[in-house]
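The two complexes that follow have subunit A in common; it is paired with subunit B in the first and with subunit C in the second.
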Partner chain A sequence: MLQDILVTGLVNGGVYALLAIGFSLIFGVARIVNIAHTAFYMLAAYCFYTLLTRFNVGFALAGVLSVLGVTLLSLVCYRLVIEPVREHESAVLISTIALGLIFQELMLAAYGGNFLGVPSTIEGVMRVGGVSIPYQRLLILAVAAVMLIATWFFLYRTRVGLAIRATANDLEVANLMGMNVHRMAMVTVAFSVGLAAIAGVVATPVTAVHPFMWLDPLVTMLAIVVLGGLGSLKGSIIGALIIAYVEAITVFTLPEGAHLKGAVALGIMVAVLLARPEGLFGVAFEEER
Partner chain B sequence: MRHTILAIALAVAAPFAAAQSIKIAVLGPMNFVQGENHWAGAEMARDEINKAGGISVGGKKRTIELVKADTNEIQSVPDATNAVERVITRDKVDFLIGGFRSEAVLAMQEVAMDYKKMFLGAGAADAKLGENVEKNYDRYKYWFRITPTKAPDLFRTLMAVLGDIGNQVRTSTRTDTPKVAIIAEKAAWTEAIVKGLQATLPKMKMDVVGTWQPSAVATDVTAELSAIERANADIVFTLLSGPVGISLGRQMGERNMKAVAFGINVEGQKDEFWQASAGKANYVSTLDTYAEVESTPKTIPFVQAFKKRYGKAPTYNAATYDAIMILKAAIEQTGGMDADKLVPAIEKMEHVGTAGTDTFDKRHDLVWAVGKTSGIAVQWQDGKKVPFWPPNIKGMQPYKMPAR
Partner chain C sequence: MYLLRRAWAEMRNEILVLPSRTLVLVWVVGLLLLPLAYDDAYVLRILTMTCIFAIFAASWDLLAGYTGQVNFGHALFFGAGAYGSALASLKLGVSPWLTIWLGAAVAALFGYLSGYLCLRLRGSYLSLATLAFPLIGLGLLFAFPDFSGGELGVSGLQRLIVGPTANYYLACVSMLVVVFGLWLIADSRFGIVLHAIRDDEVAARASGINTPRYKLAVFALSAAAAGFSGALLAHYLRVAGPSTLEVALSFQVVIWGIFGGVATIYGPVVAVFILYPLTEWLGSFRHFGELRLLIFAVIVLLVLLFMPRGLTPWVRDRVEAQCPRCKQRNSVWRKICRLCGAPLQAQVARAERLVGHQ
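Take a look at the complex of A and B:
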């Protein structure tokens, strides 16, 4: 059972991390709580599905077009919906909830409520310690790892990354130093949503595409980023693994309570917050700022 | 001036024109496959009846007019009750048919009974709908359940099919006691069935290796399937109505699991299931209602006509066709549309429909009988949904086991 828990937790943790780091990044840098984050994940899944099954576009091209298309859409949404109210956190929160619901209803109208599926990008299964792992899940894990490294490289080894971090440290000083803070926010939004779109593309083959597919990961993702410490990338990764492992342990040790895996994970989050209200890595993050 | 006269003439004539038709509200979640099938089945009945001149009401032929009511019941129960209220008070419908989600249909039933409107259900399985009729007949007598059979009867059907599958598993695996893993979403409709399974399977010489209950809205069963695989289950008994049914079929195929999946998998009843599971869900089987088999003499012509018109096979919600035909028979028999006269007519009726041969008990539930109202079981075999149970119905094909 131990190897089952180890492998299942790691693979699911990869998917969660992909979603959580984008959300955490946009909050940490631009202080935007983007509830529509997983709705962009859902839109990317629909784009990928449409290009693959209705236009017979290849996997790679469909993936690239989906990520680009959704990222561009996020920029339009940022300019039209988020930027005008950006100074008011509660307004941003409500606007992005509305945005997510609008996307949901649009997909419902366009595709109906049916559950759709796409073929795996890579077929086959690997056996590790007696546990079956489909290659598609290993791909997700690999993409998550590459994206985490890319995010770190982008933030810490590029001039744009430096500017983003400077903006995050002190918006007014960055502005006075001649940095275009609005552009930095847009770049951050694009990068963050790009990560969600990549998650949507690689995770679509292991889930069902439907208009409500953004809600379940939204709750899990919020639990992860709050547990890890809002805005902390490291916290998001650790939080993703903790939540995934807690879920796996719940299912394996308490089969009839499998439906409680989300509740148990949220319970762990609450317990951690009682001990450390800023989350696991919140203090380090605040010190950084 | 001419336009004014024409408008007045139309306004005066409208009520009389409306009086010529019988208004039936089709209630369902119209953005979902259940509502689509509710509507499609009703359309087929309407067109067939209207083409023949309509329903004879006291010697006069009256056509059917359908009113589409999107209940949005999968997302919101209040939306569903509002839809019923609207079609009764604003659209002035004569009858109600449809409904899917038990929680919503229970609420819709209350509104319909308040207005003494006949409501023929075509989707919800909760036994309480029929229990209401038995407990308070005067209030709830206007309710009848056309499909599916009530939850306890679904359990009887499941056990009957599982007995046959269990024998094939015994032969295939050369074991006397097949291991069964139960995977049932956590929902009201599965509770009694899960308890029944845990009590009954040992008596059927089957070993329950575990019961996994994911959330009804879960989309991933990776951890559950890993545990089931580890438990060496021969049969995966499913009670799933949500998207997880697709994930289960797909992931079992991807893992090359030798266990066979059987039970209720609502997604597995749809033609789109094979595509949605990326062609991986071979050998997945589920209870179902319609296939090109002679459940009744009307089944094959109906399924073929449905496929020709809509490009896919009907799901059980398309039994709205039977609901309208039952209403037609009762109206023509009583010579009017008085609900208090229609109720006893339907209670005494034996209706040969497209989904089965329907008779009703004191709860206005279908009287359960294998081959009559039990429905059928189907298995996905290389991209085709193959009917295999009950074996005595003409057109059934063999159930297949995966190679071991």
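Take a look at the complex of A and C:
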């Protein structure tokens, strides 16, 4: 059971971290609370499913196409829906909620409410110390690790990453220094949604595809981001691991654990917030200028 | 006779001079007279639900619009009211006329608790943290099905009154009373303090306002109103189910509030009266039935693209203008101000309007 907890926590933590980092980046750079973030994750899963089972393209091609397609779609949505109301924070907020609902309903209309299964990308299991780990879970873990390192490289070792961090730090000054903050916002949206889409593609084989699959990760992702501190990369990763392990422990040790896992994870978040309102690694609040 | 003449004068001078007030009057009278003219059970049922949800939306606005505590988990209070009232009336056998107050009290307690947890949080942190509260409640409900009925909820409740028309009047009158009460509160000194807390909490504290106490008070108050509407709905539908705590309901109330225009109280009510019957009406078509949520979301999106501050502020700016001298509102077609006689030039008025909304 201990091994199960360790593996499940690590794999789920990887997926959650991919989602949480993207959400946190969009919030930091563009000040958008993107409720539709996990809806893009769902769209990528559907896209992957369709390409794989209806058009019979290979795993790799299907994955790449769905990530690219969803990223492109996010840019279109940003230009058409978010950009015109950027100045009104509340309007942006419900625009993203409405976008999420629209995607959910479109998928419901197109595919119905059934749970759809996607075959594993790699079959087979690996045995480590008496516990069998499916290769699919190892793949998720590997992809998550590679993407996290790539994100770190992108943010801390490239000029665009520098600009993104500068914009997140202080939008006005970044603008005065000649950075195109609108373009930075678009780059961030594309990059973050790309991360969510990758998470959707690799995680689909172990979770079923259905139109409401975006709600559970949405809440978990928000809890992680708040727990780790909004806008903090390290906080998102550590928060994701904490929440994933708490969920895994609850599911494997408590009776009725499957019902309680969300409640326990969210309870942990509330407890952390009571002690540190800015999250584990967030910067303490300063008054907005 | 004197009283009648007095009432007429009041009405002409205070209500009919402004288009928005006239609209409110027409709406109230229309709501009260509707069952006399047209008492189709289906229409009355939809309007009863609309009235109940209008209370819920208005209570959200007091918390989120006025005080700036944008709550993403308002369904917690709705569910607390519904379950509190339902369990009390079923397990203790108390009359529902008493238990709806108990439901509101339970909700107020929950409001106080979540307000206490949120005291140190601000802005987006607060929104995202509050989203968690109803889900924790939902997890607990599912984990203890003996007590809460699990997926099915608590069913077999008594209605408050029998008959569609009586139920309609009950919901409608409670809606008018609660919404008017909330509006009075929001317009009082208390409401001004709430405005101050939203605009600049540090400045409010520096002016000697005990902001935590006000925040807790408004959390409890708003939760009590929401719990009251939840209890009304539970006894109207005769079931309190887990759907009263879902994320969808929390999001729904945010959409209503922002669509109607925040910090107005009447805005969310208007939004509910437009959007709820609209979705029900769309649902009654066979082909649209599956797509009604989609159409709902698209309508919200399109309306926001053109009226980013919400529906009612947009409409209000079209029919009314602010007097440049005394800042009183006038209907837009007047040449001079109704109170101070200053000329209302279109350009001056428009500039003032922009300043007035900063």
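One rule holds in what follows: the second predicted complex is superposed on the first by the 281 of 289 C-alpha atoms of A that agree within 3 Å, B and C clash if a C-alpha of one lies under 4 Å from a C-alpha of the other, contacts with A are read in each partner's own complex, and residues count from 1 in each chain.
To be clear about the criterion, a residue touches a chain if its C-beta (ideal position, glycine included) is under 8 Å from a C-beta of that chain, and two chains touch if they have at least 3 such contacts.
Since this is a predicted model, take the numbers as computed values, not measurements.
Peer 1: Quick check on the superposed pair: does A:Leu274 touch subunit B, subunit C, both, or neither? Answer first, second, both or neither.
Peer 2: second
Peer 1: Let me test your reading of the model: by the given contact rule, A:Ala109 touches which partner, first (subunit B), second (subunit C), both or neither?
Peer 2: Both subunit B and subunit C are touched by A:Ala109.
Peer 1: Could you say whether A:Thr8 touches subunit B, subunit C, both of them, or neither, answering first, second, both or neither?
Peer 2: In the superposed model, A:Thr8 contacts subunit B only, not subunit C.
Peer 1: So, A:Phe153: does it touch subunit B (first), subunit C (second), both, or neither?
Peer 2: neither
Peer 1: Just subunit B (first), just subunit C (second), both, or neither: which does A:Ser95 touch?
Peer 2: Second partner only.
Peer 1: Using the superposition on chain A described above, determine whether A:Val81 touches subunit B (first), subunit C (second), both, or neither.
Peer 2: A:Val81 contacts subunit C only, not subunit B.
Peer 1: Touching A:His259 in the superposition: subunit B (first), subunit C (second), both, neither?
Peer 2: Once the two structures are laid over each other on A, A:His259 reaches both partners.
Peer 1: First (subunit B), second (subunit C), both or neither: which does A:Phe55 touch?
Peer 2: neither
Peer 1: Hey, what residues of subunit A end up touching subunit B and subunit C alike?
Peer 2: 108-109, 215, 256, 259, 261-262
Peer 1: Can you list the residues on subunit B that touch subunit A in the complex?
Peer 2: Subunit B reaches subunit A through residues 29, 31-33, 36, 74, 185-186, 210-220, 222-224, 226-227, 229-230, 243, 246-247, 250-251, 254-256, 267, 270, 272, 275-279.
Peer 1: Mind listing the subunit A positions that touch subunit B in their complex?
Peer 2: That would be residues 1, 4, 7-8, 11-12, 53, 108-109, 112-120, 125, 130-132, 134, 136-137, 205-208, 210, 212-213, 215-216, 247-248, 251-252, 255-259, 261-262 of subunit A.
Peer 1: If you look only at subunit C, which of its residues touch subunit A in the complex?
Peer 2: Where subunit C meets subunit A, its residues are 70, 117, 120-122, 124-125, 127-129, 131-133, 135-140, 142-143, 202, 247, 251, 254-255, 258-259, 262, 290-291, 293-294, 296-298, 300-301, 304-305, 308-309.
Peer 1: Quick check on the complex: what are the subunit A residues that touch subunit C?
Peer 2: 27, 33, 35, 81, 84-85, 87-88, 90-91, 93-95, 97-99, 101-102, 104-106, 108-109, 215, 218-219, 222-223, 225-226, 230, 256, 259-264, 266-267, 269-270, 273-274, 277-279, 285, 287
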